[in-house]
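Next come the structures, one after another.
In what follows, chain A forms one complex with chain B and a second complex with chain C.
Showing the complex of A and B:
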């Protein structure tokens, strides 16, 4: 879609969408939201970029080599956080007893591993959306 | 004959579904089996256990974190399947290349 208005409006609006997605992810344990909706918002911003600027520029913005590592790395990070519970003598994915920093109630850096897991889920969902969309766009252009 | 068997099976399933639906307790009733001490425990102790005020996030990220890991694995499996179907190379072409090479 090569349209001047669409390109300029999306260029202006994409940073705000990404900021909102990061806000939803990082405040997942304080306010409504969390990893799944926040990651979907982040992925939707890149999807909008690809729709407005074309598949080639979208690939430059988010190459498949990076989104592949983000996808696998997020879930490995999740499992490593769970392993901390085992190595400190408790069960898989133990939060408070395993010695994570609990902090004060209502602050962003609090709640043990909940923000870290939310961040991992957000990265995972966002990169999955982007990879699926880019793959399907490529498939359409080949035919 | 095939249609008759199919309609009998589907009708039987429909009767089972409706009869089990009639047995369900009314929605929002205090006596429901889903409203037990677990829900009360979550609402009372979640703030103390996790120091995070969003009880839904506490449940899905802390108490039921293993289920969320499974959910992330579902995403991983789905994208692996889609990539296999959409961008997987035809194995016959590779075989031909190796024969020639």
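Showing the complex of A and C:
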């Protein structure tokens, strides 16, 4: 896949895809979307990069040593935020009673921990998708 | 709007039958991507933009790439 048009169009379009993914993630609690679609869009941008520039450059852009930390770290972050509810005397994933900042309805910084766990889910889904695709490409080259 | 809905559903069913009938697996994957894209528009018409967004990203994007990666490892034609 060594095509000049594909490479240049991908280079132009990938920042907008990633910006759209981050928008979907951060507006997950006030508009359609959320962690899973936004993370899938973020992962798809790196998959497009790997398809346009080859597996070597894709691995340089997102090596497995980083994506494994992102995967595990995001879900540990989710669980730690959930644990705050337990340590303040309520159940797992207690939002308002555990003392999270609620804010006003309709702005981005509101809703307690919902933006934070949506960000964690987005990072988890995106890095899982990248890891899955890179693993399949690697196995393809061995045979 | 009713006419658009009927056209989309007829095209959806045609795509679903064509995926099953096609012997060439790469063509079947591309038809399946078209199926997912029509399904995303239908989710939007059903007033579920959340599911439409997920369907367009997962169904038409990532699933197609995964299937093509699998086909490039195995053979292209169905036995």
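Going forward, the second predicted complex is superposed on the first by the 143 of 143 C-alpha atoms of A that agree within 3 Å, B and C clash if a C-alpha of one lies under 4 Å from a C-alpha of the other, contacts with A are read in each partner's own complex, and residues count from 1 in each chain.
Everything that follows uses one rule, which is that contacts are C-beta pairs under 8 Å (C-beta built on N, C-alpha and C of every residue); 3 or more make two chains touch, one makes a residue touch a chain.
None of these values were measured; they are calculated from a predicted model.
Using the contact criterion defined above for the overlaid structures, shared-chain residue A:139 touches chain B and also reaches chain C.
Residue contacts after overlaying the shared chain place A:32 against chain B and chain C alike.
Once the two complexes are laid over each other on the shared chain, residue contacts for A:49 go to neither chain B nor chain C. In the superposition on chain A, A:40 makes contact with chain C only, while chain B stays out of contact range.
Once the two complexes are overlaid on the shared chain, A:24 sits against chain C while remaining clear of chain B.
In the superposed model, B is the one of chain B and chain C that contacts more residues of chain A.
In the superposition on the C-alpha atoms of chain A, the part of chain A touched by chain B in one complex and by chain C in the other spans residues 32, 34, 132, 136, 139. Across the complex, chain B is touched by residues 28-32, 34-35, 71-72, 74-75, 78-79, 82, 92-93, 95-96, 102-106, 110-114, 117-118, 120-121, 124-125, 128, 131-132, 135-136, 138-139 of chain A.
Every residue of chain A that touches chain C in the complex is listed here, in rising order: 24, 32-34, 36-37, 40-41, 43-44, 47, 51, 129, 132-133, 136-137, 139-140, 143. For chain B in complex with chain A, the residues that touch the partner chain are 47, 49-54, 56-58, 60-62, 65-66, 68-69, 72-73, 75-76, 78-79, 82-83, 86-87. If you check the complex, the residues on chain C that touch chain A are 49-50, 53-54, 57-58, 61-62, 65-66, 69-70, 72-73.
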